[in-house]
Every structure is written in structure tokens, then in C-alpha cells.
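Look at the two complexes coming up: subunit A is in both, with subunit B in one and subunit C in the other.
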Partner chain A sequence: MAQPLRSIADGMANQSAQGDWDVVYNVRITPATTVNTGTTSGYQTVARWQETPTVPTLGGSVPYAYCKSVRATALTGSGGILVGLETNGGTLTVSGNSFAAGTALPSRKSSGASAAVQLASTMPILWSSASATATTPVVTIGYTNEAGTSSRSMTMTLPTNSLIGSAYLMSPHLQSGDLGIRSIDSMSISTGTAGVFKVGLLVPFVTQLNGAATGCSITTQFIPVVQPGLLAGDQIGVYRIGTNSSSVMSFGLTLGPET
Partner chain B sequence: MAALTTPEQVLARACGSTPYEWREPFYGYAAAARTSLFSGAGAAQLIQRAAYLPNLPGSLETGVTAYIPVKFECFSSTGSPVLFAELVNFGSLNLATNTFTNNDAMPTRTVLGSSKQMLSPILVEVEVALNATPGSVQLTYVDQDGNTGQLTTSHAMGASSVVGSCAIAVLAAGDTAVADVTAAVQSGGTSPTGTLRFWGVMPLTLSQSAPSTYALNTNLLAEGQCDRLAASAKVGVFHIGSVTAGATIGAVHYVGDQA
Partner chain C sequence: MTYISTFQDIQDLQAAGQAVESHLQGVATGTTTAAAAASGYISSHVLLNNLGTTLASTLRGFPMQAGISTKRMRLIYAQSHNNRAITSLVANLYLIGTVDFTATGQRLTHHSATFPLLRTRMGQASQPMAGIPLLYITVATATTAPIFTIDYTDATGASKTGTLTTTLPAAITTQNSCYIPPLEAGTTGVRDVSAVNVTAAATAGKANLYLMEQLCYTTTPVLNMPGVADMVYTGFAPPRFDPAVATSGTASVLTAMVSLGSTSTETGTAYIKVVVES
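On to the complex of A and B.
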């Protein structure tokens, strides 16, 4: 097996044999999201990009695809960009305070590894998929941690009336001793009448600067990078960190095949 | 012989006794600021043509099976990210006659071991300058899932937009990219004149900001890009995030692949 991230030559050989997936997407972040510096809600202002790229079909001789590079430039709002394999861990609908279970992270082989292992999200993110009407709500989340221990619990107090696309880093608020999340077991909210929150179980493979207007970022993934192998239908989550600006963003990526 | 699959083979091919490398210089100049072609929500990504490059040769030299761009050089007085991309000519619209000329769809290529139609945003470029009252334009396209008859936003065009002014069309809700543009219609305005060209874009590199204080020198192989371009392939260079006046000077180095 040739691993496309192991060396430039392996990447070239695999591209020649099976082809890379090079794409630039055509969407934007809008409207502006909620500013958040709260010590109870992730410490950082984070905005979810409006679209979620999907990994295309893999050929029969391609067991996995890997992210070889990410290209991004935003018109306004400098900050960072966070990109990774993402699974929807669960959905909380504020009206009725109802929870719908999502999907646990799968087992996957990582680049450079020979066998699949259970993934855990070290960067879980709570985000608004519909603007909320809720005054400093407390969200309580039950989860299974990175070691497979269930009945773990965490709380976050969110800013009032989170706008759609607003996102909150969960890692600082995990139960003491936990490093990540495999799955979400429950979600509830203390107050509110409208809005929807989801948990993105993100396994990041790119964290990079994303300059505004006069800057851009391109990150190329070669050794020493470890990232999960991607399969057809996988969702790729994209977040901007440190900005709440409404902005158009040009975003593209290259996936390379393992052979 | 076999296809070039290592940097060493590329070097040997470029520098051997019979070198299969050539350097294609380009120069672009915007005498005055170009126009943000489209207005309205989501259309505010500033973009303009940086330089026109000739199509790749119409026939491959003996012993050459494809052209591999291996290096991208660029110096610009416009401080903005630079996109170097393979282009697909979707078609054009003559505003005066409201006549759409349909050209190519995105090509089908082997991607991650599977045959797949490539995807792109719709890059709209002013090919013949617009008059002062050009009205609006709306495009019909095939989306990323093969759905036909999808409509972009009806975009108001900037008055008297000059040649090289560009925009990215806003797609229907839920769409991330297109496979083809199948129609375009002008509406409103007064005695509109001018011609729009619609491009599909397959990125070769999005390079860091290129202000006047330094030049870009991008090693595409080191970025993991080893794209093979066919005879007559179209390529172009664009500024993203800027429509200011200025000059852009550079070159693309190609190496001829082998069978």
C-alpha cells in the first residue's frame, strides 16, 4: 500500500494512478455570528462555515482518501480555520427541549497506521444550526469519553440568543480528566423558546491561519501529519476561529488516494 | 518509460539531454480599478483577472503525454491572494442580443479511483465591457448532484464594468458547486451591451498574498499538486480579494509527462 502523505513521491504516484480530488467550493458565511469570549462557552469566537463538503465515491482499489491540502481565503475577518472529519453527534431542539441522537465516531485507520482504531473527537464543537431565542442558557451534555466510558457530563453557559452558525468549543468544559468524545448520549437546555444546537464531533486535520482580503492560507499535508482516513460520504467540517464577521470565503481542498 | 511519479524523475525530465520543460511567462495590467461585477448577498467576493495565459499547445509534442505545471511564479502590485487554475469554458452571454452560447461541461476524470465529473463554482468574467445600465443576469446550471434547471441568484451587474471584472455567482440554497451551466438570461437595464464569459475553475494553486514587496515562487510538487493538463487546456490567473489597479507579472513552468 502506498500512503499519499508519506512522501511527495507517494503522493505523485497515487495521483497518477488513481487521481486526486481537487475542488473549490462556492459558498459563504453569513450572517455574522455571535461574539463569544465567555469562559463558560469555549473562550473563543467561532463561526461554522455554511457548507459541509462531502467525500466523493472511492474506487474499488482505493481504501481511503486523505486530505493533501486545504486552500482558503476570506474577504473579511482574519483568524484561524479549523478543518476536519466531522460526525453529527446529536441535535438539541430548544422548543420542547428535545434531543435526537446522532452518530458515534467510527473506527478508522489513520495515515501511517496499519489498523483501524476507534476515533474520538478532541475538538467537539456545539453549534447553532438555527438561531436561538434563549437568555444565557445552560446546555448540559452527556457523552462517552475517548476511552469509551459513558455517563460523562459537561455544561456550557452560552451567550444570549446565539445566531445561526455560532459555534462553541466544548473541550475546555469536558468532565475533569477527559480528553475527547466518542459519542453524545444526551443534550438538554435550561431555558429558551427557539433554536437548534448540534454537536460536531470534529477530528481536525488542519488548523491554519486564514487571512482576510489580502491574505490567504494553504496548508499542505505531508509528514509528520497523522489524520484519519476518509471514506465516501464522510462530512468535512469547516470552522473559522477568532472572528464573527459575515464574510464570503473561498474554500477548496485536495484529497489524495491511498492505493 | 512510465508516467513521472517522483520529483527526481521530473527533474531529470526537465534537465535531461532532451529537456521537456518550458517556461510560459505572463503579464497582466489593470489600468484602473475593476468593478465588483455582482452585488447583493453572497456576491461580495472581490475577484478580477490578473493575467491572461494562452491555451496550452493544441497538440502534444512527440514523447509527451500531458503537461505538468511544476512551478508558479508571480509578482504583483496588487496585494491579494492569487488563484492559478485550469479553466472550463461553460459558455458566454451577449447582453445586447440576450443570446447564450453553450460550450463545455466540467470534464469527467478519474478521481480517487473512480470516474467522476469534476465540480466548480461559476466564475463570471466581463469579456466585452458593459454599458452603464446592464441590468441583471441569472444563470441556469446543473448542480453537484446532477440536478438540472437550478438557478443562481439574479445578480445586478455593476454599471460600466470593465473587461476582466469578475464575480462568483451565488447558487441556490443547498448547492455547493456546479457541473455545467446550461443557460443565462439578461433582464432589466436599458439597452444593455457587453459580453459575459462563464468559467469553471479547477484550482492548481491558491498562493499566498502577493504584495509589491516580494514575489511568489510556488513549487507545486512540494504542495502535493501534480496535475496533468491535456493539449489545448485553458489556464488563468486571478486575484481574489481585490479589484484594485495594478500589474501582475509571472510565469508557469511546465514539464512534459511521458507514457
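On to the complex of A and C.
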């Protein structure tokens, strides 16, 4: 089996024979989000990009796609960009305090591996898909951890009235000893009248920091970060870390085939 | 016990969630006082996470989940950027103790944990670890530039009575300034510091004295450009990340960025990825 991320020759041969896939968002304006000011909601200000690239249909001889490179340019706000395979773990609707289960992370083969493994998210993110009306709400999340142990629990106290796109890193608040999450079992909120929160179970394959409001480019083949195999319909989550500012942003992603 | 031995191990452990990743958004350090020859030559800063840090009383390094420090971990990848062109590194900073510069005499109050710190090394369990002392000014000095020597146990276990003096660079040496005190000739590192003997006192001034364990360098040669440290594809030498353990008691450890070479206000971001062997 050709292993594009462990062999430059394999990668080039696969791309030449099968073609690769580029997604380019020319210019999209990210909305301003809520500044994170506390230590109970991820320790960072994070904004979710409103676009979610979807992996296209793969040819019959291409069992998996892999991220080959990412390019991003934001005109406002410094910090970093975080990109990964994202599964919606669950949805919390503030009005009525109702939870809708999402999808557990699947088993996937990472590039070069001989067998699939059960994925777990080491960068789960709670994000607002509709602006909230809630004063310093406490969100309680039940989950199954990276080892498959269920009935794990964590809480986060969020800033008041999270704007749409506001995102909060969950990892620092996992139950003691846990490294990540396979699935979300429950979500509830202590107070609030409006808004929707979702958990993005992110398996990051790119993190790129940038000190100024300019672009970044990274070729993922040469970083030792996991490259999970991607299938048609998979969604790619994109987050900006360290900024809440509205910005013009362009984004590009290249997927390569494994054969 | 699981050991990393291949590139594929690195991938598989991450895929299965046997990994930790953390982002640090730095708090501005403020302008600090430049080091001089008598204070170790090297000006440095500790770069801390903005949320959770109140300089210089409450210090927060890389935010990470609780209860994982006993796992055996290896640092595989790090990035940082800085608004200054500097050398920076990821480090475990173990608190040796606090120093009060307002009187002469032995002024180190040692942390409750007993040093040396221990790691398994070269097939031998519980071997003493040596590091580099780093002095972090938590309260600015006043009136007089403090002068001191340090007594320590060196990397070989020998006790050393300090003869080299450190003179802080100014009567008002500002908060958040960091210095690496000179060590005796031939010393490659220290296991512990037993005394800080102040011979010229200030009317104000306190410091934390850390034992610095350097993990990797992420130099930023051009301001605002990211510096990268890849410990896998550039030699496959990911260092141990989990903190060493104290001989007795529990060591206080701060995992943060340390920058070398600037005294201007600094801020920046950093990212680390760690895999868990077991």
C-alpha cells in the first residue's frame, strides 16, 4: 500500500496518478466573537470559522484522503489557526436545556498504518452555533474518554452571551486523568434563554501560529502530527486561536490520495 | 509498558487520543532590566498564559488537563511566535524556592519538596536530574542592586560553596526580569540550591528561583514569524515531557516558554503536542 505521508515518492506518485483536491475559499468575513476572559472556559479566545469544508467523493482506488497542506490569510487579528477532522459530538439548545446526541468518532487508519484505530479527540471544542442569551452559564458535559470509559464529566463556566462562532477549548477541563474524548453522552446548561452550543470533536492535523495579521502556510507531510484518513462527507473544522476580531480571511486546503 | 519506537507509533498514539496538546497565548511581560556580565549575561523572560496569570504572583504556563503528570509523555512538536526576534524554548521550571533580597545573609526559602528531582536514566531508576538555575524577579528591587552568591549541589552530587557573585543589574531591577546566575567553573548543571547568600541587600525585592529543564528550542529569528521544533522527523529524539519527581514531597512545576535575548515587552503564542507512551 502506498503511504503518502511516509514516503515523498509515494505521495507524488499518488497525486500524479489520482489527482489531488483543493478547496479555496477566496474571501470570507469571519464574525466578531466573544472574548474569553476566564480560566474556566479553555484559557484562550477562540473563534470558529463559519465555513466547514467537506471531503468530496473519492474514486474507487482511493480508500482515504489525507491533508497535504493548508494556507490561510487573515487580515485582522494575530494568533493561530487550527484545522482538523471534526465530528459533531452533540448539540445543546439553551432554550429548554435540551441535548441532541451527535456522532461518536469513528475508527480510522492514519497514513501509513496497517490498521484502523478508534479515534479520540485531544482537542474537543465547545462552540456557539447560535448566539446565546445566558449569564455566565455553567455547561456540564458527560462524555466517553479516549480509553472508552463512559460516565466521565466536566464543567465549563462560559462568558456571558457567547456570540455565534465563539469557541472554547475543553481539554484543560476534562475530568482528572483524561486525555481526550470519543463521544459526548450528555450536555446541560445552568441558565439561559437562547442559543445553541455544539461540541466539535476535533482531531487536529494542522496548528499554525502567526504573530501578525498575515498569512500562514504549512505542508502537513512534514510535521509529526497525526493525519487521519479522511472519507467522503467528512467535515473539516477551522478555528482561529487568540483572536475574536472580525476579519477578512482566505483559506485553502489540499487533500492528497492514498492508494 | 508501551514505548515509542517508530514514526507510526507517533501517529497511532495521537489517533487514539493518547496525546496532549496545549496552546499558550502569552501575557505581555512588560519592559524588564537587561542583564549585565555580573548578572549572567543573558536577559530572559518567562512567557506565561494570559488567562490565569497575574504577574508576578500567580503564574500559569501551558494550560493542560489535571491528573496527567504521572503518565510517561514525550514532546514531539512545538511552535511559538514572539513579537521580538529572540531565542525561545519550552521548559519545565521547578520551583527551588523563593529569595528575599531585603536583608543580608542566607535568604533562600526552599520549596517544601526535597530535591534532587529524579528520573530513570540509562537503565537506572530514580537518578538525580540536573538543570540550570533561573532567577525570576517577582517583586522589583529598590535602592540597592542586590549582590549574592549561591551554594548548590552540582550535577555530579558535589556540594559547591559559591564564590562567584551575582549582582542584579540595577538598583531597580524590574519585576518579571530573569537571570541565569553564574556557576562555578566546571559546573555543568545543578541538582539543588541550598543557599542564596545575600551580601548587599535592597529595600525591596523578591524572586522565584527555578531549576530549568530545557525541552526544546523554538527560535524566532524574525519577529512574528513562527519558530518550529520537530522532535520526530528531525532526528527522532522526542524528550521526556512529564515532570521529574521530587525525592520527597511534590515539586511545583511550571511548563512554559522561556525566551532569551530581549528586555522589551514581549508577548506571543505557543503550541505544544505531546504523546503519551503509557
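Keep in mind that, in the parts below, the second predicted complex is superposed on the first by the 241 of 259 C-alpha atoms of A that agree within 3 Å, B and C clash if a C-alpha of one lies under 4 Å from a C-alpha of the other, contacts with A are read in each partner's own complex, and residues count from 1 in each chain.
The working rule: contacts are C-beta pairs under 8 Å (C-beta built on N, C-alpha and C of every residue); 3 or more make two chains touch, one makes a residue touch a chain.
Source: prediction; values computed, not measured.
Visitor: By the touch definition at the top of the document, which applies to A:Lys198: first (subunit B), second (subunit C), both, or neither?
Guide: Neither partner.
Visitor: Scan A:Thr45 for contacts with subunit B and subunit C and give back first, second, both or neither.
Guide: Second partner only, subunit C.
Visitor: With both complexes overlaid on chain A, does A:Thr73 touch subunit B (first), subunit C (second), both or neither?
Guide: The first partner, subunit B, only.
Visitor: So in the superposed three-chain picture, is A:Gly242 touching just subunit B, just subunit C, both, or none of them (first/second/both/neither)?
Guide: In the superposed model, A:Gly242 contacts subunit C only, not subunit B.
Visitor: One more residue to check, A:Ala65. First (subunit B), second (subunit C), both or neither?
Guide: It touches subunit B, and subunit C stays clear.
Visitor: Per the contact definition in the header, classify A:Arg152: touching subunit B only (first), subunit C only (second), both, or neither.
Guide: Neither partner.
Visitor: Quick check for you: in the superposed arrangement, does A:Pro257 touch first (subunit B), second (subunit C), both or neither?
Guide: A:Pro257 sits against subunit B, while subunit C stays out of touch.
Visitor: Let me check the overlay on chain A: which residues of subunit A are in contact with subunit B and also with subunit C?
Guide: The answer is residues 211-212, 216, 222 of subunit A.
Visitor: Quick one: which bits of subunit A touch subunit B in the complex? Just the residue numbers, please.
Guide: Touch residues, subunit A against subunit B: 4, 8-9, 11-13, 15-16, 18-28, 30, 51, 53, 56-62, 65, 68-69, 71-73, 75, 211-218, 220-222, 248, 250, 252, 254-257, 259.
Visitor: Could you pull out which subunit C residues touch subunit A in their complex?
Guide: These residues of subunit C touch subunit A: 7-8, 10-12, 14-23, 25, 49, 51-52, 60, 63-68, 76-77, 79-83, 223-226, 230-233, 268-271, 273, 276.
Visitor: Along subunit A, where are the residues that touch subunit C in the complex?
Guide: Contact set of subunit A toward subunit C: 6, 36-39, 42-45, 78-80, 108, 110-113, 117-123, 145-147, 169, 171-182, 203-204, 207-212, 216, 222-228, 241-242.
Visitor: Okay, in this complex, where on subunit B does subunit A touch?
Guide: Checking each residue of subunit B against subunit A gives 3-8, 41-46, 79-81, 83, 85, 109-114, 116, 118-122, 168-171, 175-178, 201-203, 205-209, 211, 221-228, 240-242.
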